[in-house]
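Working notes, structure below.
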Amino acid sequence: MTNLEFIHAPRAAVNAAPVHDAVLDIRGLSVDYGIGPNAVHAVANVDLTVRRGEVLGIAGESGSGKSTLAYAVTRLLRDPGVIVAGDATFYSRTDGSPTPRAVDLLSDDKSVIRSVRWSEIAVVFQSALHALNPVFTVGKLLDDVLAAHLPQMSRQARRDRAAELLDMVGITADRLRSYPHELSGGMRQRVMIALSIALNPQLLIMDEPTTALDVVIQREILEQLMDLRDKLGFTVIFITHDLSLLIELADTIAVMYAGEIVERAPAKALFRAPRHPYTYGLLNSFPALHGPRIAMTGIKGSPPDLRHVPSGCPFHPRCAHAMPECVVDHPPMLRLADAFGTRDVSCWLHDSAHTVPAELALTHDAASARVGATTTTEAQA
Amino acid sequence: MVTTVVDLANAPVEGEAPEVTRKRRVAWLPRSPKMIVGLVLLGLFVILAIIGPWLAPYDPGKIVVSTTQDPSAHHWLGQTQLGQDIWSQLLVGARPTMVVSFLAGAIATILSIVIGITAGYVGGWVDDVLSMIANVFLVLPALPLLIVVGSFLPKGDSANDLLVGGVIALTGWAWGARVLRAQSLSLRNRDFVEAARISGERTWRIIMSEMVPNLVAILAASFLFTVLYAIGTYVALGFLGVLNPAVNWSWGSILFDATQGQAVVSGQWWWYVPPGLCIALLGTSLALINFGIDEFINPRLRAAGLSRKVAKRAGVPRTPQLGFTPVTRRNRAASTTIAEPAAIVEVDR
Amino acid sequence: MVVLLRRLGFYVVTAVIAITLDFFIPHMIPGNPVEAVINSHAGAIPPQAAESLYAQFGINVHEGLWGQYLRYWDNLLHGNLGLSISQYPAQVTTVIHSAIFWTILLVGAATVVSFVLGTTIGTVVAWRRGSWLESVLPVSTFFQAMPYFFLATLLLLFFAQDLQWFPNHGGYEFENTTIGFNGPFLADALHHAILPGVTIIGASLAGWIIGMRNMMVTVADEDYVLLAEAEVLPPRKVIWYAARNAILPSVSSFALALSFVVTGSLLTEIVFSYPGIGDVLYQAVLGEDYPLIQGIFLIITFVVLAANLLADVVYVFLDPRTRQEA
């Protein structure tokens, strides 16, 4: 924790060139539930870039807006959800095209949105139990998707492809004739994944895909998913409340609180040296699988009421380091560059004017010492 | 506007709907247009049932001349083939029709509470037996059964209104019992009922003080539905002549007389249209109230989430379209926070 | 299949209860019902009919209640429901037999049409939420509350009396037609069936519309409908994903609806003097023909139970979850 050098970069410079390896670019997105004075501000002014090929994790407590963000971007958010501000651009790069095709998910015509939906952006719903139509067989569910998008495909070809898709997610083809209720929870989720990769999408949005499953099944499915990603090369947005899962799975992690992103960093950096007090709290609210015993501190207080978001920094009522300005002014998004790379943090503490508490300013060496045990096990794995 | 407020209050936020204050929901209830129309109509019929017999200019059974008469200044709706004043019959008929129907509805509701909630709360073999009985009554065709019973009822000088109401209730409780049973089953495992049970409250006290208050809306719907059923059945019995038409002045019996008097064939619409219309309107009033209660129980059924005005001002389609979340970027510039990194901090660590 | 067997068992029990009720109701009335009947007809009842009455009611002065009950069952199992008083000396079974055919055809066809039409309209209304189509709902409510026979009377007045488009009574023309499977007769029978059929459809349609609409609105919140939309299935298919589930409660509430429809249809037949079981029932009530009334109750019960069993089969066919159970 040595000399902090503060550079006031012009905003245009940060925004300037569109990130060319981006799959999805979200700018200033705000989503409300309802209209008027009683509206609930579920997502507030979120910026997020998803790079091609990466696994982006979005973490946060329930009610933090992480699922709302994902559904709003795909325009699948239900009534009374309303997108009140921002942009979301999807960059489609189909085989052979030199430059990606930009699709404005919020302004373009419905037919344009429908043209990328599922074929290029697919969603894995949270509960496969509710997402799989109970009166149709697995085979029919897969067949309907294939038939809707690939009209030239013959019936037999669709059947073969459905069997192949099931095989890819580790289910035998005889399950094509099964109804969803005849499958176990894990198998249902696998079917859901098979549906989502049926058209070889570029982006897969997964909304707590394994939350309802037990740990062993969860691990199996995630491993399979990562294999599929290596094989098919899709980009993943992985939404979960389980930050420890993301640390193993994701390349980049965005932590959300009260509808805002409070910290956005490479997974390892976020894990080893959290910079936002909320991230720090989250990391210390569940035990690490490996490593030394640490007292679980958790986060005091309860998630905010989104109809009455606290003034200033929304986290200030629960923050151990809250300062007077946190109550009054909303912190800016600060880009920190340190030994762990660059990251964005929305916290007054990292403003040059303040002294950063030791636990939020871990240096590379200190972080290594802290999670040293973990690193070794990781290396073995 | 009011509907909007409630709908938004019910908006789910990631599966956790914010608490809805009881006051706000209740305030919505009487303001639903369906509810208001239904209540006003029902109120009119209740008044008619109370004061109808006093308003009647003639004794409805009084036989004067032996031919049917067209409407006149003295007899607004004409006279029957026995010279009885139809207008008086209509006014007097409101009371038995309403009394029997509401009585049947009340008895049936009590039966359905006792049987339905007991079955749902107690469970086990009691539930099996009671559900079985309810299902039997649900499948048995009620009208033919009532005719069998009704045709054996003593046909005395007085109309057996109370008895008929009771018998109609016996055939009409099963639906309510089934609905209440299902609701009690889910209520039984709620914390507050569990707490009452553990603290050693008596079963009946738990049912009356913990369960019933939570079932009020469903009870009301079940009551109205049964009354609607009772009206139809009572009118049908009268129309069939199962009730003694010489002493019964229900609207059904007027229709029986009209059929016997060849009113339809001879074009005497003033004889059968007014009672028929009264029955239809009374039924509609109950159905409208029921509709309102349904929407209260299940907010999703309400016509649409936003009023046209609010939706238009916000630039949102009034009808939500599944799969296309509306986008209104009015306050794009007015965003309060700055999301883009305001600064780059180089830290040497 | 286990589900269906269990349901079948339930219907058998229900039938036994109905039969028992049919036997006991006359016995619960104070006094001897047969004497009462004979007295009320003031000597118009032939002695053989009086005997048949005793047999029908199972009343035997020399036999205990249990013995009478067994005898009643014995008669019933031999297809003997006694003799009709109003159409003496016709067997009750004969009278019912000639009428039930008309009723089953009329009510069956009308109910199927009403169900299909109402469910379709309900689906469309639900899918076009907030549009003018929603005004169908209050109108439906009014029709739902309107008694069948009142609607029947209005239709009779306008289309048969005033416009004379349709015959005002009966199920077929007595003259110029030979009853049987021939073109002119079928056309004539259809012509006679239109007004009663429209009445039954008109009065029962609203129930199916509202029921289906409410279920569609509820089901539209399900994730599998959103998934269908997310998968960009054709709009028809998305509606189908929802409707295929929303229809299940409609099918399972068929029992309740059928009770209403049967009641209404009986009254409709009376208004149109349609030669079905309703008209026979009306004549039986007017003529205080107790054996016939009781016989009709039993027959209608059996038909309703059979229809319910059919609905159960359809349900099991439609909902795969019931097939696996037990």
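We just call them A, B and C in the order they show up, numbering each chain from 1.
Just so it is clear, a residue touches a chain if its C-beta (ideal position, glycine included) is under 8 Å from a C-beta of that chain, and two chains touch if they have at least 3 such contacts.
Since we're looking at a predicted model, the values are computed, not measured.
Q: Once you count every C-beta pair in contact for both, which comes out on top, B-C or A-C?
A: Per the contact counts, B-C leads.
Q: If I average the C-alpha coordinates per chain and also across every protein chain shown, which chain's average lies closest to the global one?
A: So the chain sitting closest to the middle is B.
Q: Hey, how far is the Cα centre of subunit A from the one of subunit B, in Å?
A: About 48 Å separates the centre of subunit A from that of subunit B.
Q: How big is the gap, in whole Å, between where the Cα atoms of subunit B centre and where those of subunit C centre?
A: 23
Q: Quick one: subunit A and subunit C, Cα centre-to-centre, how many Å?
A: Their C-alpha centroids are separated by 57 Å.
Q: Do you know which subunit B residues sit against two or more other chains?
A: 320, 322-323
Q: Which subunit C residues reach two or more other chains?
A: 221, 226, 229-230
Q: When you check subunit A against every other chain, which residues touch at least two of them?
A: Each of 76, 78 in subunit A touches at least two other chains.
Q: What does subunit A use to touch subunit B in their complex?
A: Interface residues on the subunit A side: 1-9, 11, 14-15, 27-28, 30, 33-36, 38-40, 42, 44-47, 62-68, 71-72, 75-86, 106-107, 110, 113, 260-261, 305-307, 330, 332-340, 342, 344, 350, 352, 361-364.
Q: Looking at the complex, which residues from subunit A come into contact with subunit C?
A: Counting only subunit A, the residues touching subunit C are 74, 76, 78, 114, 117-119, 122-123, 125-127, 130-137, 144-145, 148-149, 179, 181-182, 195.
Q: Under the definition above, what is the set of subunit B residues touching subunit A in their complex?
A: That would be residues 4-5, 7-9, 11-16, 18, 305-306, 310-311, 314, 316, 320, 322-332, 335-349 of subunit B.
Q: Residue numbers of subunit C touching subunit A in their complex, please.
A: 221-224, 226-234, 237, 241, 244-245, 248, 318-321, 324
Q: Contact residues on subunit C for subunit B in the complex?
A: 10-11, 13-14, 17-18, 21-22, 25-26, 29, 33, 128-131, 134, 137-138, 141-142, 144-147, 149-150, 153-154, 156-157, 161, 168, 214, 217-218, 220-221, 225-226, 229-230, 238, 255-256, 258-260, 262-264, 266-267, 270-271, 281-282, 285-286, 288, 290, 293-294, 296-297, 300-301, 304-305, 308
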